[in-house]
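What follows is a pair of complexes built around chain A, which joins chain B in one and chain C in the other.
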Partner chain A sequence: MSEKEIKNLEAIFEAKIARDEKIEPKDWMPEKYRKTHIRQMSQHAHSEIVGMLPEGNWITRAPSLRRKVALLAKVQDEAGHGLYLYSATETLGISREELYEQLHSGKAKYSSIFNYPTITWADIGAIGWLVDGAAIINQVPLCSTSFGPYARAMVRVCKEESFHQRQGYEIMLTLANGTPEQKEMAQDALNRWWWPSLMMFGPTDDMSTHTEQSMKWKLKRKTNDELRQQFIDQTVPQANILGLSIPDPDLKWNEERGHYDFGPINWDEFWQVVKGHGPCNKERLQTRVDAWEEGEWVRDAAMAYAEKKAERKVKQAG
Partner chain B sequence: MSESKNNKKNWPLWEVFVRSKNGLEHRHFGSLHAADAEMALENARDVYTRRNEGVSIWVVESKNITASNPKDNGELFEPASDKVYRHPTFYDLPDEVKHM
Partner chain C sequence: MSLRKHDFRENGDKIDYILTIADNSLILGQRMGELTGHGPTLEVDIACTNIALDLFGQVRSYFQYAAQLAEKSCTEDDLAFLRTEREYKNVLLVEQPNTNFAYVIAKQFLFDHYHFLFLNELQNSNDATLSAIAKKSIKEVSYHKRFSSDWVLRLGDGTSVSKEKIQKAINDLWPFTQELFEPNEPEEKAIDLGYGVDIAKLQEEYKQAVEKVLIEATLEELPVLEFYQRGGKKGIHSEHMGYLLSDMQYMQRTYPGMKW
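Right, the complex of A and B next:
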């Protein structure tokens, strides 16, 4: 194809997206569109998978059977989210093996929030409330993103997320209305998870790259700062209902803006964790790699058994 | 079947179709990896129907699906667009004619 022909195809492609038409896997797409989507979708999938680890840490120690079945179901949903997203990514022509290899080698990133530890049971409440809450705000706009398989996966994911957030908030509510020690535990979890949750929306708009391209392809509909503000505005009243305080002395309602003002975010910490120096980066990745390697014999045995069965069928038919 | 670097066979890819209730057709829900059809069905149950989304599941190995190429869409689908006489509104009838 000549350069002019490609330019022409690109113009048709961009117009299609502007008209709100979806792009499907076998449609022509610019190489950059394919690469950007493989990167973003696989990062998203990896986040769902690694995201199971901090919560999985508390399944055996959940304080009641009710909490235990809920947490199990939530963590199982996150596995499902990862699988929806991996298979949607594979439609772009990359294999599952390659995707795993990118995660396990450290080449691919996942959401930094999962590099923080879950020290107490209240952390499970705070994660559902804040981390799933922030994830919902990030994910809802993606239900109408331009790449069909991604949009469809996100519709399914978003339907399931609301239970995640509600079960987390209910944990916080119970602790906040419990003994002074329990309330303190809830406050401590909020103190530790608040700022990392705000960082989930990514760098501030003036520091963030490729936003314009992402807007055009509907990978983004609002900027990082807009989404962060939305999260703060909706979460502060929820904290008030819990009777807990947000750990930010600068947090104040701004009548004129119609939004909460908030204090500076520690972006040094953010970049440290992104670069691999968070409290649990090594442990998370190692746990994931171990699970994959220790499961190898099971995958091999299942494959060998399937082949043996298929052979037997052929013989019987012959 | 995909082969990894060390020449080992990986679980193949399966497409999953789910009937959400009787009276509706099976619809494509997504895909997954499994060693064989039986495992694909079991995995599809866990991945795609955790909340009563289905009453029946079909799985088919992805390599067995033949898909049309969007490049041929003109040839394949455009001939239908100038056949307006396939639609009821093409026919002029007086308003007095009812129930037609």
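Right, the complex of A and C next:
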């Protein structure tokens, strides 16, 4: 293809995005667009799959049948999200095996929040309330992102996530209105999950490398700091209703800004976890690798059986 | 809490019968739930979680009914979480560990075929609630049966490795199946009173159905064994059960009397 032709395609592509039209898998797209989308979408898919583990940790110990069923359904929804996000990523010309390989080798990232341990039942409430709450704020703008398959997947994901968030909040509400021991469990979970939840929005804008390009492609519509502020403003009143306190002595309403001011985030901790040294990084990855390796003979069997069945069909037809 | 503290009076036998049915779904569901997030593929993970969800849904219907029959106040969660090991009436088969995926499938397969035939008959129970639960559940269980049978086919007629694994799992679990067809006391009374299923009569059809799949899966025919394992229905469980219950009952035991 000549340089002129490429320029022409680029112009068409950019005009389409400017008109808020979707880019579909068969449309021409710049290589960087494809790569960036593979990176972000697969990272998102991996987060769903790894995210099943901290919550799955409590399926066998859920405190009531109702909670057990809700938790199983929630973790199953996450598997479903992973599935459509992987499928949407595959439309960009990469296979599921390659994507798994990137996760298992540590090349691809997933949301760092899942490298924290779930040590009490209240953590299941806190994850639903805070982690899913933060995820929704990150993801709602993606429902109108430029790449069609991603935008459509996000519409469904967001609907389910907001259900999960309400469910998580309801767990917290039950604990907060329960015995002193239960309330303490809820407060402890909030203390441990608050700061990592704020870190889910990524580094501050002056440190963030991908923002500008992502804004242009509508992979991002607000900056990390704007989204973080939105999350804090939304969550503080919810904590007040629970009668729980946010573990930030500097948190206070700023009349002039119309937002809450908040204290400094521990970015050293953020980078420690991102670089693989969080409390559960090794375990989470190992669990995924184990599930994949232990499942190899099962996948091989399914493949061999499908081939035999197809052969028999051909023979019968012949 | 021990159920013995409850005074069930004339409903006692029926409650015990309901527990005999429901505990199988409870413990099998608990085992299936262990797999969530660890399945061999994402699709299988989702399907297995679905089975666990169906089973717990059934458990809730049965336990809510049993709790309603109990004269002293008692909830579905009391029944699920606050009995002693000796008070659970599930068969030994369903509490067996998920040694590998072949055991997950073999256990499910051997139970599903029984479960389907059982629910088919329970639909005719003279107890309207049990009949209604059976009518609802059999649709789900017919899917479970298809899922586990399809996987027996894939593993049996897949690779030499998978064939060896599923054959070993079937061989190891088969001795636990005889118990499914041997009524315990509450079951005998239930049969006499017309609300229970005469399970002994299902055994021949069960063997044929299971064997049909095994043959298609190029696996060995069912062995006729001299010795079988039994005891679960009378509350005498394997050593695996205590660990399963320690997990399952952890919250209710650690924080007694709280609402979640």
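In this text, the second predicted complex is superposed on the first by the 317 of 318 C-alpha atoms of A that agree within 3 Å, B and C clash if a C-alpha of one lies under 4 Å from a C-alpha of the other, contacts with A are read in each partner's own complex, and residues count from 1 in each chain.
Convention: contacts are C-beta pairs under 8 Å (C-beta built on N, C-alpha and C of every residue); 3 or more make two chains touch, one makes a residue touch a chain.
Quantities reported herein were computed from a predicted structural model and do not represent experimental measurements.
Looking at the shared chain after the overlay, A:A310 reaches chain B, while chain C stays out of its contact range. Counted by residues of chain A touched, the larger count belongs to C, out of chain B and chain C.
In the superposed model, A:A153 lies in contact with chain B only, and not with chain C. Shared-chain residue A:H259: touches no atom of chain B or chain C. Once the two complexes are overlaid on the shared chain, A:G80 sits against chain B and chain C alike. In the superposition on chain A, A:K275 contacts neither chain B nor chain C.
Legend: residue contacts after superposition of the two complexes on their common chain; A:A302 is shown touching both chain B and chain C.
Residues 73, 76, 80, 83, 299-300, 302-303, 305 of chain A are contacted both by chain B in one complex and by chain C in the other.
Those residues of chain B lying in contact with chain A across their complex are 2, 4, 8-11, 13, 30-33, 35-36, 39, 46-48, 50-51, 67, 69-71.
Contact residues on chain A toward chain C in their complex (touch as defined above): 49, 52-53, 56, 59-69, 72-73, 75-76, 79-80, 82-83, 86, 121, 171, 174-175, 178-179, 181-182, 287, 290-291, 294-305, 308. Taken in their complex, chain C has these residues touching chain A: 30, 33-34, 36-46, 49-50, 52-53, 56-57, 59-60, 63, 76-77, 80-81, 100-101, 153-155, 157-159, 161-162, 165, 247-248, 250-252, 255, 258-260. Those residues of chain A that touch chain B in the complex are listed here as 24, 26-28, 73, 76-77, 80, 83-84, 87-88, 90, 95-97, 152-153, 160, 299-300, 302-303, 305-307, 309-310.
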